[in-house]
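What follows is a short report on a single structure.
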């Protein structure tokens, strides 16, 4: 029992460290990547004893600043809701990771450890449920500010998130029809197989349209460019207008955590999660017949590494998109969500169903 | 009238949007990878030039300022050292940020002037550097050519400039671009600084 | 043509004394008038004689007198305008010097005609000798009983008072004159009411020029027609022309109304000095628009001059020969009006000073191309917008000089110097 | 500050001539000028009292007219005409000459109170241009020589 | 009555009306400088030129009387050109020192230039120099260069005050407005010259450079300086409060009322508003404990005072209670006081009149010896001792001295103005409870046990009744200083605490109740008062009577 709790705590620590570090580092990535894309140098000034470490200390500086800055609260604000708003937001962004599998099974001392925090058999549904809650953090924060601009930002945010919530669910139905399960570990395992003996059965190949749609919707869910109509702090003023210090920091963090989250879900659903091509539980089995036996811990390591790399790739992709595309207008966001993504997803489901039926 | 008429109708590929996104992503990605490589090479001392970035390293290297740039305010003086300001409060009136506070004083010893500020404060914490005060001033008493851009303070009160301070500021000519009569920029030494140092 | 009424006294020695005047038939008319004439008859006679105000405005004298309200309980006053200040005019001085009692007789007849028992001679302050002469002769007249209670043994009382001005051109304007007479500064009054209704001391007042009144005895004596026939239509009789400037014989000439200007210059004033040609002529005091040599065949009466855009005014003729710089001439004229503007109403007060400064600048060689048009605009803006005619008087010369000698002004502006020889 | 007896009588006589006291302003000012040399503020107040007029109105009149002296004037007052007719006849040279001779510029009085030099606008004696007025008398057809003679006579 | 057409509007006006007045009646504003309805017409500025058909020249609208069938054009090309010309001429020698000039913002030269001028200056010559910044009197500063010689001020001093301080000297463009050498512009109405000066030639020493006029807000009110009750506008600085160092009311300006003060007001009233922002203002209820003043909340103050009053009334009866109201109070304050003291407390010793020992200055124009704005109102409401068969003020003090008076409620008065200092001190020291209610501290308030802060006349709505029985409204211009409240609110609150509530929520409610109850006010209502006030019953409108012998 104690052992079990210990393992869960370890896994929890791993996931939280994984997520929060990625989230924190993303602020650095954001700066540096955009700089590289724009022929700039990027943040490099923060230094400790003269060591600058290519700007990595900025992350720390940010954190210090966020914590020490005056946390300002408007006189008219709803005290309680204003305070907990950012917390709600960041909480629901984090808890989604509970169901993401980051490896298969690790055997330590004969004990099988499922490399997933919470092996829920309704994994995908849980994800959506949690994602659905994220909107509360935003809306509560916006409304509790008692600032009309913030409220408008909040309304834009909630309209956008709720709209895309629908699309989010619909886009992956095609995939789920193929996987025949909603348990994420199962979905990943399903993708371990090959097609015609050599092509990994990753979701992106099975559902290319679903993949693109899901990615789009996912980015929209994270409220970042090009879907940042709720925020747009420099032009249209966002829902966290009245927040400063850590309150603001938590909203920022939410965005980044959601970015990681979207990457993780995308990887899990469409890129084979922790799967490494041709890597079975006992080692590699290449299509041309060669095999390479590996210990269980090595396999697990490769799997976790594979998952991490894939997530990182998607983070990079999302950053690239964020620094490439201009912001959609609010009406464009709505139109895209309801008039294009949703119908296309439905058609995708139809076609998938048709093919599945035909193949049977 | 449909205002979109004037636009060329989008082709199918354009309407699809994705190819455009991908080509955009391609462009930015190429920059990313090229610069990433160059930066790494430079970090490993394999390259010396500063390719891959156009950034000027600000506190070490200063860009020349263009004459239209509005920097911190100063008050000009008459020949006898008194402020040129006549406390007409035009700047205060026009100021959209309401950050100028003038209290006028009567100077009867010189009836040609008659009026001078007793105090003249600008709260830089509120100032939006629109330059309206300079435009509005009928006697050229306030200018924004000190070249001072780094304005920060630990207290709100410290952000308030008083008359004494502003009178003692000088225009920072060196930092401004100079033009030839034909309007060409002659002084560009800052732009030509070698960034590899 | 040889008929002379006033000027025949100019050459008679001591013609200002009662004795000499009476020797030449003086004071006969007034005695007759006091006995036989009614005021209405006098007014009618003067009207028929086409006698017009010779001070400058040319308003028919008889008609002016008839404006006096008959039934007003207030005293009536006659004010004689001897504030002769228009540059180029000096005839009144001759009248006062030599035809003193003729003037008095005219005053008596006019006072009788309008029912005034007090008459004021408002004489310009610089005429100190003339003032002395008037005071002296008035005393003499009082002694003889020609003035004072029951003049000439009649029941008509008349006091004549000499009031010396103090150096203000504006006081030649009748309402300013009345203000000055009342002991105020000479600011012209708004009209209406006209002085004939409410003038000096809030009472009906007639203001007449010295010369106008000096002709009255002759008119009454010889009859309206004989006087009217001497002049042209609607411009009765003779008048005194003052001529000065570049002529051989400057002076005062008594000639019929409507005589051609050329004749006055060449026949009576002896033509120009040094055989120079005429460049310009001012026909009626410095305020009248200037005439060019091809306009000097004009007849010198009120209507003919008005027809060619000038005016007879006080008939002060100033002749300028071809060595004259018109810019300088205009500057001198404008300086005069600037100096004499009373300062009451805005356009004249500010406009005259401005015009003078602009002209001074042009003269000093610092003129700008737009100055010439600017001068005309200043003048245009003054004309008609002031209380009294001084504004117009200052503006009319500017308009006419610039119009007729524009090239000279432009040359001055362009080259910074004068293009006339000898300047 | 008060008129002497003779002047007072004279003044009363002048005032009696007019229907209103105030009308005697100019004659009384002239009289006062003769009596006191010039019209000082005290004289103004006195004249105002004589004529029942606020002193400010006396001051208005005094500053309005050019012939009434607010400051002491010289024994010989040269008023030299610079009107149009005189200007045409070259009065500028005469004015400069006289100014130089007297050592005075416009509107100045010599320190010994002998001479006052004032160029004035038209004096209405254009037939004798260039001309001037010395105290009460007109002098016409001026030349430099004539100026010399006049100065010799009056010194 | 002549019928004339102005800018194609036909109007029938009284005979003798001038064109400018006729145009005003139909809302056409012809620009003017020298014309002032209260002064003689001189027509010197020439800006009001209009075109009248069948007249060869433009005519000055201020001087030309209307004639039947006249057709006037006030804004055609020719007129506009003339106006532009006049403005150009006026600005030739006018210094362009608007930034320094205190008149900027309410300067007619500026305004008309913006409306009718807007030409580019062709003037390059030097301007004529005249005297600048010349103090010509205790209140007035002259800048002769700025003067456009409209002569309004000269006419004011000649015709209205007949003091003849100012004159127009010299002539031509050297004409200059100056006071007579050696004389000061120090008549009792000199401030009006500043009001009527259309430009910045005459400026107010008291107001000069304190603020700029466009920061000011104006609120119509009535001068509380004497019983004439001149109509005024209170100019208060809402937008730049830091400017004046806490002085909220910048200046008072007369407001036109044909029946009371026409266009004028006296300097005493004009500059007599300083107590409004003075340091001596009582800003919170306070109570004296062992010689020191201690601040209280309103709640506590009312509680304590009510308890004490109750105690005294119970112990000594109503005869031991004296009330000295003040004619400085509004009708509303007085009426609320009457109800509170007479009905709630059933006190009879009520009086308001403290005759000042020093007689105030009075003349036959605007200034009255009674320096209270509402004596007539207090009388009419029935608050003099005679009406109540109670004690007079003097008697109250005498009673107090003899220990017969146990409580005294004093409003606003400084009793030392009417009685000897020692007398007041002795009397008040023997009274158990002295409550002072007023705007400012004075030597009487220092002798009190309680001080209640009352709002000053610029801080409340209400009405005054002037000496001729004209009820005129004052309006709240600024918020009451500190904790101060209008008098009637204090009495209402006290009354409520003592068991009898008054259903008043604003000044108008009190006045309407007053109008119902008091005969002299019968038939009036707060809504009916209007900007020029209304007369009480039994008073006949008579300009002459109200204004004294005003020189027409």
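Per-chain residue numbering starts at 1, and chain names A, B, C, D and E are given in the order in which the chains are listed.
Keep this in mind: a contact is a pair of C-beta atoms (placed from the backbone, for glycine too) under 8 Å apart; a residue touches a chain by one contact, two chains touch by 3 or more.
Note that the coordinates shown come from a computational prediction; the quantities given were computed from them, not determined experimentally.
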Any chains in contact with both subunit A and subunit B?
none
If each hop has to land on a touching chain, what is the smallest number of hops from subunit A to subunit D?
3
By C-beta contact count, C-D versus C-E, the higher one is C-D
Select the chain whose centre, defined as the mean of its C-alpha atoms, is least distant from the mean of all protein C-alpha atoms.
E
Which chain's C-alpha centroid is most distant from that of subunit C?
A
Inter-centroid spacing, subunit D versus subunit B (mean Cα positions, whole Å):
69
When the centre of a chain is set as the mean of its C-alpha atoms, what distance in Å lies between subunit A and subunit E?
72
Determine the centre-to-centre distance between subunit A and subunit C, using the mean Cα coordinates as centres, and give it in whole Å.
107
Going by residue number, subunit D touches two or more other chains at 57, 60, 64
Multi-chain contacts only, two chains or more: what residues does subunit E have there?
168, 170-171
So subunit A residues touching two or more other chains come to none
So, with touch as defined above, which chain pairs make the list?
A-B, B-E, C-D, C-E, D-E
Residue numbers on subunit D that touch subunit C, as the complex places them:
17-20, 22-27, 29-30, 51, 53, 57, 60-61, 64-68, 79, 82-85, 87-89, 120-129, 133, 136-138
Complex interface listing, subunit E residues touching subunit C:
41-47, 49, 56-58, 60, 63, 81-82, 85-86, 88-90, 92-93, 122-126, 128, 148-149, 168, 170-175
Please output the residues of subunit C touching subunit E within their complex, sorted ascending.
168, 170, 185, 190, 338-347, 349-354, 357-358, 361, 368, 370, 374, 377, 380-381, 384-387
Within the complex, which stretch of subunit B touches subunit E?
86-90, 92-93, 101, 103-106, 108, 111-115, 138-139
Quick check on the complex: what are the subunit C residues that touch subunit D?
75, 84-90, 92-93, 118, 124-129, 132, 159, 161, 163-169, 180-186, 201, 203, 242-246, 250-252, 282, 286, 316, 318, 320, 324, 328-329, 332-333, 335-336, 339-340, 342
